[in-house]
Structure formats: C-alpha cells, structure tokens
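Both of the next two complexes hold chain A, though its partner changes from chain B to chain C.
Moving on to the complex of A and B:
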C-alpha cells in the first residue's frame, strides 16, 4: 500500500512538471501580448519597451528559467493589466471557487449514490424511470440556461435567494444547486449501471444464499464493488466540474477563478491565465492522486499489485 | 431408514415475462434423507437451477414465482414462512453452492470476513475468538491447508479449486441439514473435480448432511449419488436408486443420457448425443414432452401426458411404453 502510494505520488509530481512546461509553451503560442496592449497612438518604440518590461525580449529558454524560479518561490508574475501579483489575485479568487466546487461535488456525490443505487435496485419501476428522466434533463439543458432560469424564478420572481455575490452561505445556494444538477447525471448513470452489473453477479447471489439481509447485500456487498468503475471515470466528472464552475461563476457574477480566467483570456493577460491554468491542472492532478489512493483502499487487488 | 430432511411436492415455478409465461418447473416432487445424496440430472435449461433456487426461495425478481406445491424442510413448510424467517433458515439450515468458483466470492472482502459473516449472523457466539474458531474449523472440514493464514487472503489470491473449497466452507460453516450443490464441479478440471467429490463424501460422513447434487453429467452421478431424479423440460421423468437406474433405465431420455457418458470400455469412442431440442417452456406440447425426440414413441405419446408409474423398488417413471 505504501509503495503504491509512493509510486503514484512520484507519477503525480512528474505529471505536474509536464503540465508546468506545457502551460508555458501553450500560452506563448496564443499570440503576442505586447501587441494587445498597444493603443492606436502607440509607436514601434512602445512595443519594444513593453516587451522589455515583460521580459518577452529574452530568449525563450531564459524566460522558462525565470518562470520556473518564480514558481518555486511562489511568484507567478504580475498581471499585465493592473500590475498586481498573480499569486495575490488567485488567492483572492480561489476560496470562492473552492467553496462552490467542493460543495457541489459533495452534494452531487451523495445524491448520485442514493439515486443511482436505488434506481438500480428498483430497476424498470416508476422510480427508476423518474431518475432516468432527471438524468436526461440534467444533460440536455445547458448549465448557463438553467442558471438564468433559476435566477428568474428564485431571485427575481420569489426573491428567496440572491442572484449574485458571495457574501453569505445563502448566496451559494443557487449556484451550488445548478452546478450539482449539471454534474449529477453523469455520475448517477455510471453508478446505476455499475450497480446493475454487480447485482447480477454470482457473489451477490451467494450473499443472499448466506441469508444476508437485502439492505446489507446492497450497501455492503454490492456498493463497494460498484464504486470501482465510477472511480475510473472520476477524471471526466472533474473536468465537467471545472468547466461548470467557470460558467456558473460568470452567470452568478461571483468573483472566482472562473471570472479571473475569462477576463485574463479576453485580454491576453499571460501571467493570469498561466496562473489559473496551473492551479486548475494541479488541482486535477492532486484529485486524481487521491482517487487512485481511494481506488486502492476499495479494491484489494490494486493494493496488492505493488507489494 | 434415516429421517427425511427435505420433501418437495408438486413444485411449480414460472417466470412471468413480457413474451409469456415460462413454466420452468412444472410439478416436481422428490425427497432427500439425512446422509443421502440425491442427484438431479438433465440437459441445460431443464429447470435444475430453478428447482434449487425455489427451495432457497431466491428466484430472480421481478418475474420468478413459485405458483404451486409444497416444500418441507425438517418439518417446516418453507413457502409459508415470512421473508425474515426464510432468511434465518438460508445459509443456516439449508445452503447452496453455485457453479462458478471464480466469481462466487466477493472480491473486496477477505475469505475470513466472508465466512465469519455467516457465522455471526446465524450462530449466537459471544466473542470474536469463538467466531474465528468456527471459521477455522469450517475451513478444516473442507481440508484447506493452513486455514489461519488463508483467512486473511482475498479471493483473487486463490486458485479456482481453492476458491470452490472456500465456497464449500461458507456453505457448511453453520452445519446445514441440507446442501444444494448446483454443478459445483463443472468449472473445475478433472482431477480437482474428483478430489472435490471425494471431499464431499467425507463431509457427508462427518456431518450427516443431506445433499442435492445438480449436474448434467451422468458420470458424476455414479460417483456421488445414492438416488437420481432425471429431469426433462421442467418435469422429473424418472427416479430411482443409482444402481437401479444404471442397471434398468426405463425412460428413453434416461437411456440416452446414460449413453452419452463417454466410457472407456466401449469400442467406438464416438460421443453419443441426443438429437433435437427440448420443447419451449413457454409453449409446451399437449403430450409427452420428450415425444418429438423419442425414437420409440407411440400414437398416444403426442396426445396425452404419461402418468407417473411406480415399478417397484421406489423406481418411478413417466412413459407410455412402461407398463
């Protein structure tokens, strides 16, 4: 188990290095920021001066060295737009996004687990079909549209919840609900079908033959096996979550990583985009690492591969 | 004679599907005594597993339903029990071994946990140490080497033969009076199969357990069973003691099955197989179910079902040819 974790940890660190390099290269491929900062009255000399200021006149490899050194010391550069340190901008935006992402993730996991398992055990009943409908709706309706509808209903018409901002937990209710509804169907479907497979297996028959009560058959014998398949697709769910966060923050005008990166991209604000992408991809890598560990906890066969 | 452990009378089990009603078991009667092994033999799809699952009252839902008959286990009428009462009997008074040892054990729990779960549920044992003792002694009963270390293993660490022994230990750990073994050796290779059968004879001698041995192989019957019931398309067409059935098989289907066992003493080593297909259980013919495949049929065979006749020595057969 310890060896397994160590191996996975090293792999994660390597992947992180890869991501860091890739981000550096990709951002530089997307165009010259100095050109973007020109105004109609600017001269050729201005362009050269700006490039100098930003360090863009140095050879790429030197730029890369400066970039790496900055990362190690926690210096992500300064925003082109307002000259504030990117690390500061991110540390302001990150908590909001984290609150939004983590609460929607937990909420959707709990709901998906309950509905997915119950739908599988009550296969082809009204309940199962209802859950299927819910899943289709969740996947068919774009999240920004659901967000706007929810604002119209609960903020404009009934005025129960605020439509924007991050001041109180109440402000998070609508965005979390919309985001939960957005990522729920995918997880729910995977859990349901994986549960159906497991419920069909011989060892579930054997559990019943032993006289295990049906509740335990499902929540002890079946569920733990049924979680293995959904875990492998956890990466996809996460990708959905991150895309969702960006859109939802925009719809509910919440300051967060989403709005930070959207603004950064619109203005070719290199350091900001770079910083946000780095944070997001490290988050994905860290979560993938945690998922792998969880995987080993659930499935003994994986744990024993590395001993 | 030792006492009767299980008596099944006129059992009928059907599956209610969208396409129609499948009469998988259609009026089956048999009994098993203490220390006795009854073989149920027949081709694939004739209703052997459904018969076993009906006794366990574990038919696939929705759809599977016992529509008639009585099942009496140690004097208790199983079909009248509540779900909870039935659960207490399952795995305790009656247990079952399934066909495939590779998939019968839960991959994420240790062998010890899986046996202990049964012991904990069905026996009122005060502490963990007593439970572990029971688990170890059930592994010993199945002649599993070094049970104390095996306890901590996961199923994927064991061979197929060893897994099937563990499944046997789970079945035997609460000392059932009836064990239903549904083709427990089909997935194993020949030497391990022979070992497993010898093992069960030994277990029966030690525990007096009554066994229903389900198989489609008459060869296994000769090694293992005291009596045999031959099943065809949801019915028992012939039953007798093993020696009697090999000496004087009456039903043409029984004879065909016996002939299809590969034998070393026969000159031509061609494998005999029965031509044709059994009838659809959804649209059963009015007469004898074997009629279409029978080389010996009479006119009445396609019109009326043959009644069951006792020809002495507890040998019963349902065939118009037998007088």
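Moving on to the complex of A and C:
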C-alpha cells in the first residue's frame, strides 16, 4: 500500500513538472511576451527594459530555472494590468469558483445516483429511456448555449432569477443548475452501467436468495460496489467540471478563476493566465492522485499490483 | 406453462423487431442533418443569400421572417451589425466541419501510433505512455487554448493546436487495449516466428486490425470537436470576429437577449442538432462495427 502511494506520488510530481514545463514552453512558443506589453508609443529602449525586467534577455534554461524557483516559493508573478501579485488575484477568485464547482458536483452526484440506479433497476422501461434521452441531450447541447437559453427564459422573460452576479444564493441557482446538467450525463451513464454489471453478479443473487429485502439489495449491496466505477473516471469528470466552471462563470458574468483567466486572455495579461492554468491543472493532478489512493483503499486488486 | 412462455417470447421478439425498424427509420433524420451540414459547408457561397461578414447597419436586429415584424429578406433575422444570421450559420458550417476534420486527423494519427507502440511493446514503455495519457485526459483543453490564445492570439490555428496537444489521449487508450489483445493473437505470433520485424508487424498486422475502433472513436469525436470549437470561439479564444463561427455568434447575441434572442438562439440550436446527429450516428456505427466498445 505504501509502495503504491509512493509510486503514484512520484508519478504525480513528475506529471506536475511536465505540466509546468508545458506551460513554460507554450508561453515561449507563442513569441515574445515583452512585445505583447508594448503599446503604440513604446520605444526600442522600452522593449529592452521590459525584457530585462522579465528576465527574457537570459538564456532559456536560466529562465526556466527562475520560473521554477518562483513557483516553489509560491511566486506566480505580477499582473501586467494592475501590478498585483497573481497569487493574490487567484486567492480572491478561488472561493467563488469553488462554491460553483462543489455545489454543482454534489447536486449532479445526487441526481446521477438516483436516476442512474433507478434506470438500471428499471432497465428498458420508459423511465430508463427517459434517463438515456436526458443524458444524450445533456451531452449534445453546448453548456454556454443552455446557459444563455436559461437566462432568456428565467431572467429575461419570467425574471425569477438574476442573470449575473453573486450577491445572494439566488444568484447561484441558474449557474449551478446549468453546470449540473452539463456534468450529469457522464456520471449518470457510468453509474447506470456499473449498476447493471453489479446487479448481474453472484453475490447479488446470493443476497436475494438469502431473502434480503430488494431495497436493501439495491441501495446497499449493489450501490456500494457500483460506486467504484465513477472513481476510475474521476479525472474525466474533474476535467469536465473545470471546463464547465470556466464557461459558466463567463456566461453568468461571475467572478472566479474562469473569468480571471478569460479577462487575462482578452487583455493579454500573461502572468495571470499562466497562474490560473497552473493552479487549475495542478489541482486536477493532485485530486487525481487522492482519488487513486482512495481507490486503492477500497479495491484491494489495485494495491496488490504493487506489492 | 410452456406454451405461455412461447407466446411471451414471440411478443418480445416482435417488440424487438419493431424497435429495430424504428431505429432504422430514426437514422434518416441525423443522416439528412449531417448531409445538409456538409452541403452547406461545401456550397456556402451558392446557398447563402448574403455575405456572412458584410455589415448593413440599416438592417440591424431584424427578427426572423416568420415572426411578427420580420422581413422576408432575412429568414433567421439579422444581428447587431445587420448581418444575415442564416447566411452566417451556413458559412459557420465550414469552420465547424473543417476544424473537427483537421483535429481528428491529427489526434487520430498521433493517438494510433502511440497506442499501437504502447500496447505492442508493453512493459515500462507502456506504463510510461499510459501515465502520460492519463494526465493528458484529465487536463481540460480549454486551459491550453486560453494560454495559447494569450500568446498567439485567438485564431483557427490556436484552437487546432490547443485541441491536438492533448486530444490524442482518447485514441491512444483504446487503440492500446486493442493492440495488447492483438499481440497475443495467432497470426501475429506466426508473423513473429517467420521473422517479421516489429515495425512490419505493427504496420502490416496490428494497424489493419485497429482500424475499426479507430473509425468508431473518430466518428464519436466529431460531435465533441464541434462543441469544443464552438465553446472556444464563444469564450473568445477561437475564431476571431468577424468570421462566422457558431460559438462566436452565440456570444454576439449575449447583449441582445432582451431584444433580439434569435442571434444567440439559432447558432446554438444548430450546434445541438448537429452534435446530436453526430453522436447518434456514431453510436450506430459503433454498434455495427464493434459492439464490444459500447463502454466508450
């Protein structure tokens, strides 16, 4: 078990380093950041000065070292626009993104569990087909468009919920609903199909033969085992959640990491975008690592591969 | 009791038959929608009544022709710059389609090569490539696109690169599984015995046998790619204005929801319709070619 955790931990660190390097390379690939800071009145001397300030006059490998050193000490640079530390901007934006992501995740988990399990137990009925239809629609309709249509109906037409802002819980209803609808199909499908597998297994038959009440068989014996499958695709679910948060924040003009990075993109504020992307992708890797450890705790087959 | 079961089975058989007929009939709709998409992409200049980018301020914010106050000149109305929404949607098909085809070609090629190598060689190389794949699968393409868009500026090229950098991972994982299975199959073992090189085995024996799963993933990716292009263009990381990308058009209408909802509605509706058709056809092709892959 310890060996498994250690191996995975090292791999995660390596992957983290890979992502950091990728971001570094993508930045250099796209040209001279100093040129992007130039305004029409800037002189050649300004360019040289900015390059010196940013350390761009040093060799690439030295720049890479400086960049890594900054990351280790938690220094993500300063915003081009208002000269505030990027780390500070991110910590201001983080809570709202977290609220959005966590509440949508919990909501979609609950709905996915209910619908997924019921669909599996009522296989090939109208209910099952309805759930399938919901999943198909959720996967086909772009989330930003669903968001706009929801605004059109509930904010413009009926004026029940506000279309933007974060002032009250009411402001979160529409964004959370749309984000939930967006990540729901993936989770629901996995739960349904793993539930179908489990219901077919010997120990479920045994439980039934023993006379365990059907409700208990489904919601305790079967569901417990069916829950392992979504864990294996946690990475995909998380990626979808993060992409969804970025889009939904933009649709509903909410502050958060998504809005921060998109504003940064529009203004070509390099350090801000770089910072947000690094924080989000590290979060993905760290959470994936934790999920894998959890998975190994639950499923002995996984950890025995490493002993 | 026996005959009762027979009747029951006959009933079920009949119902299955009906269902099969129904799903075959249902196939026509997505086929027609996708045919329309391809035709409008190819013949956009002939089909579109107006230029997709020409600004006509006198015609701005006109409702669709079938609504009250709509002019018959503009079937789906006009946007805030007086451009014809219908014409822009037709031209937008070009961007959606060419983007998905290009990205699918790039990611499919890279993913297949990595998948075959990983599955055939196995061992440390395999675990290395697969860890790499896991990481790539879990990083959202949006993040890469945003960081590229800062440097390169939003463009077609930017989102093609952004979607390709990590997009190969889905192919690699499935193809790897197939290659692993094929490595143990008799005809590959025989090829090894008669002394075929590894390269030759991978190209001549493994590759032809992973074409089916490759086609399946590729068709299932079309819808996803169309959504990715639309999303990135909507966020401003993709196709820059005034080019008519469906996603960017939805964004154009953002500030006019109260007065001119059609600017955002129709392009998004088209995305949904096309993606729905792609996914439906993708599922059908998968069931025809290789039902084992239903889990994808």
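To be clear about the criterion, the second predicted complex is superposed on the first by the 283 of 307 C-alpha atoms of A that agree within 3 Å, B and C clash if a C-alpha of one lies under 4 Å from a C-alpha of the other, contacts with A are read in each partner's own complex, and residues count from 1 in each chain.
We adopt the following convention: contacts are C-beta pairs under 8 Å (C-beta built on N, C-alpha and C of every residue); 3 or more make two chains touch, one makes a residue touch a chain.
This one's a predicted model, so the numbers in the text were calculated from it and none came from an experiment.
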**Asked** Is it chain B or chain C that touches the larger share of residues in chain A?
**Response** C
**Message:** Just to be sure I read the superposition right, which of the two partners does A:236 touch: chain B = first, chain C = second, or both, or neither?
**Reply:** second
**Request:** Would you sort A:219 into first (chain B), second (chain C), both or neither based on which partner it touches?
**Result:** neither
**Message:** Looking at A:265 after the superposition, I want to know if it touches chain B, chain C, both of them or none. Which is it: first, second, both, neither?
**Reply:** second
**Message:** Between chain B and chain C, whom does A:9 touch in the aligned arrangement: first, second, both, or neither?
**Reply:** neither
**In the complex, chain B residues that touch chain A** = 56, 58, 87-92, 95-96, 98-100, 103-110, 117-118, 121-122, 154, 156-157, 167, 170-171
**Message:** Touching residues of chain A toward chain C in the complex: what are they?
**Reply:** 11, 15, 18-19, 22-23, 26-27, 29-31, 33, 36, 136-137, 139-145, 148-149, 151-152, 156, 193, 235-236, 238-240, 242-243, 246-247, 250, 261-262, 264-266, 268-270, 273-274, 276-277, 280-281, 284-285, 288
**Complete:** Contacts from chain A onto chain B in the complex sit at residues 201-203, 205-213, 221, 224-225, 298-301, 304
**Message:** If we count contacts the way the header does, which residues on chain C are in touch with chain A in the complex?
**Reply:** 131-132, 134-135, 137-144, 146-152, 165, 223, 227, 230-231, 234-237, 247, 250-251, 253-254, 257-258, 261, 264-265, 268-269, 271-272, 275-276, 279-280, 295
